[in-house]
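The next part holds the structures, each set out as structure tokens.
Across the two complexes that follow, subunit A remains constant while its partner is subunit B and subsequently subunit C.
Take a look at the complex of A and B:
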């Protein structure tokens, strides 16, 4: 029995031609499966790159649209979504007092306005494309429960691609954190944990298994 | 067990420690909070207690508050490791101003009437409060608690302060005083977020519910302003 691999249809065919050993059959199948995996990986990577590129293009285009509006209006919209000023400031890369000045009507630089427009555009993209209803809440939630990394932190550090990957669900939460901070499991393995104490307030204690 | 380390500059930028510094940045309607730095006659002091320990009724500061003196510190060390009896406040009063440090060995109690917004010189960011508390707890107990764990017990009260600041900005004039606006805000925060559910104050401790409380606060402020004809 001999195995052939049809690349055009990516289907493994088997045909009976002789009676080779079981080892030969097994080896041929293994090679074919390996090739298939390689092709699938290439296809996956190409698809991932294409999806990421088009997402960033879409986001850039939405940012340009938002950039036509007044800085005050952009900030008001972000605040209305439920973001804290400190989180907006962090993601835009400025201070809270700078945001307060712009809200009062002082002019922001083009670069800062573009960053604010970019954040609002990202929120709209995530809401509309990935059906995230409460986008500010989504940004504040840890990517993996029990670990403190949030989309706010990833966005603030400039890892927008990972933020969109997380929103789209095309990468698992663990894959997203692997891409952001490979040592996240050990880095955030504190012996301390927070619990609600008898007086009703949150307290810190030693984590028990 | 792996040695835990106090967080030091390098894992964060020093400017990340502050919410606001100097008269141009500070907002008078922000309630006094952990880490706020005040100018007294001949010295600076910073508030050391956890925010929940500063007030009994949620509005008024306790009569006496625990502080640490904040003293000039020449050149900041490249690493803050080893400097465990203090917390650095780089460029305390503005980008080109001198460095200071809160000295944990010389703590003091001061009357809360001395901690007024008029003599406040800096407010810490949430990150800054976490770093200060990590150092203060370590100084007292030798326990190094990660700042992201401390964050979980600070973020709720910090959110309250954020909301109270905006509430007082918009309501002080209509109500006649900042204190009246703060009381109104606190009363609203103590009410259930949904019928029979957790209070809004409790919801601010939950990352998933926080933004909903902020949105509700904005709606309530608009409703109150419309009611008072503003």
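Take a look at the complex of A and C:
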């Protein structure tokens, strides 16, 4: 018998035991319980929480800065980034006529101005911190190819943290959708698949296993 | 070995990864012309080159040494078959396994390509590993006793009797056989072992964010059945022998299916693996 310390428990006594030899995989794919991978995951989760907190703080601060500007200028900046008015309206939570009204100089409520400033701040954060070059196009792209959920939809529904996670790459696209809509695989699954037909052109047909 | 036609292929197979590892004495790195030759030989099946990197950290007292090994790696176009050539092992993996015979034909191609790219000094260990994630149509509070053999549940019933819940467990069993059915040319001893790792888990047993792609069912409870069937050479290190390795891999595969079948219930087989509602 030997005495040793286990990080997550009090002093334990355990028998000396040799692990059986193992057929190795090309990389550390296995997520075995209680091993270093598990510890790394815990650190990863803690790191992810810290990253999220910092991102939200930055976003809040940038939103506050943008809030000092005129609503017309904020909207012009968003439009210049390449967003369609309907997408801006959707993410801000208002109608397109309301946006047009504010662009003509009519006064917006503090809540709406804050939402517009928040969207512009989010775009700047994603561009500058996560090096996304064409931010409007990025917002329109499906998170996972073949599934219709985009950052526009997630932002419009208030899931900003997931949008930042997606932009930063701190979560895989599948993990982002798991956080947004846990049943996304079945909800958007389709029996159809694209394949190259005998004539060489792409066709759509029922997918076979 | 049973014939391929006698072995049922489940439409909803729980297999998520099958790997074969051929361990050998450290060889000279595969680079330059040898790597180009390897790529040409594998081009039909594994045309995508994505070098692998393995980091090994060794600690001695307060000092840690980090060794980074880069190795040629080739993948199929769908990213579901991969062959990696480390300096002391060749690893073939697939996440789209159907029949052993198909896997073996890729293994033969990879072994042949490896030998042509630079001969190996010998063979030390050969392993074949099958990793299953069993998922059942119950999301909360899965009663695993209905789906897998009670022998795999260990103290779980005890915990239920005490009003406790086991939130994590993983068992390990090592089976030995005489190795009589396993032979390898030039080996005076043939030691065969099968290691079974098993237990309930949450999420995925195999990570998603790797070059090797896998199907991505909704994360949730699963039961791990990880069978590692391997052979080790005795005191003598036999020479590389392609035909010998093929025979050895077939011998390692032979008991795996029987072991797996003995670990699951008829209900799992019928309702989940075959997809027939009783």
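Please note the rule applied: the second predicted complex is superposed on the first by the 152 of 209 C-alpha atoms of A that agree within 3 Å, B and C clash if a C-alpha of one lies under 4 Å from a C-alpha of the other, contacts with A are read in each partner's own complex, and residues count from 1 in each chain.
We take it that a residue touches a chain if its C-beta (ideal position, glycine included) is under 8 Å from a C-beta of that chain, and two chains touch if they have at least 3 such contacts.
Everything numeric in this text was worked out from a predicted model, so none of it was measured.
In the superposition on chain A, A:172 makes contact with subunit C only, not with subunit B. When both complexes are overlaid on chain A, the residue A:56 reaches neither subunit B nor subunit C.
In the superposition on chain A, A:197 makes contact with neither subunit B nor subunit C. Contacts of A:23 after superposition on the shared chain: subunit C is touched, whereas subunit B is not. Comparing subunit B with subunit C, more residues of subunit A are touched by B. Note: no residue of subunit A belongs to the subunit B contact set and to the subunit C contact set alike, using the contact criterion stated above. Subunit A contributes residues 79-86, 95-97, 100, 134, 136-137, 140-142, 148, 150, 188, 190-194, 201-204 to its touches with subunit B in the complex. Remark: subunit C residues 11, 17, 19-21, 52, 54, 73, 82, 84, 89, 91, 93, 125, 127-129, 131, 168-170, 172, 174, 193, 195, 197, 199, 201, 203-212, 216-219, 226, 228, 230, 232 touch subunit A in the complex. Remark: subunit A residues 20-34, 172, 174-175, 178, 182-183, 185-186, 209 touch subunit C in the complex.
Within the complex formed with subunit A, the residues of subunit B that make contact are 1, 15, 19-20, 24-25, 27, 52, 125-126, 145-146, 148-153, 156, 159, 162, 205, 207-212, 214-215, 218.
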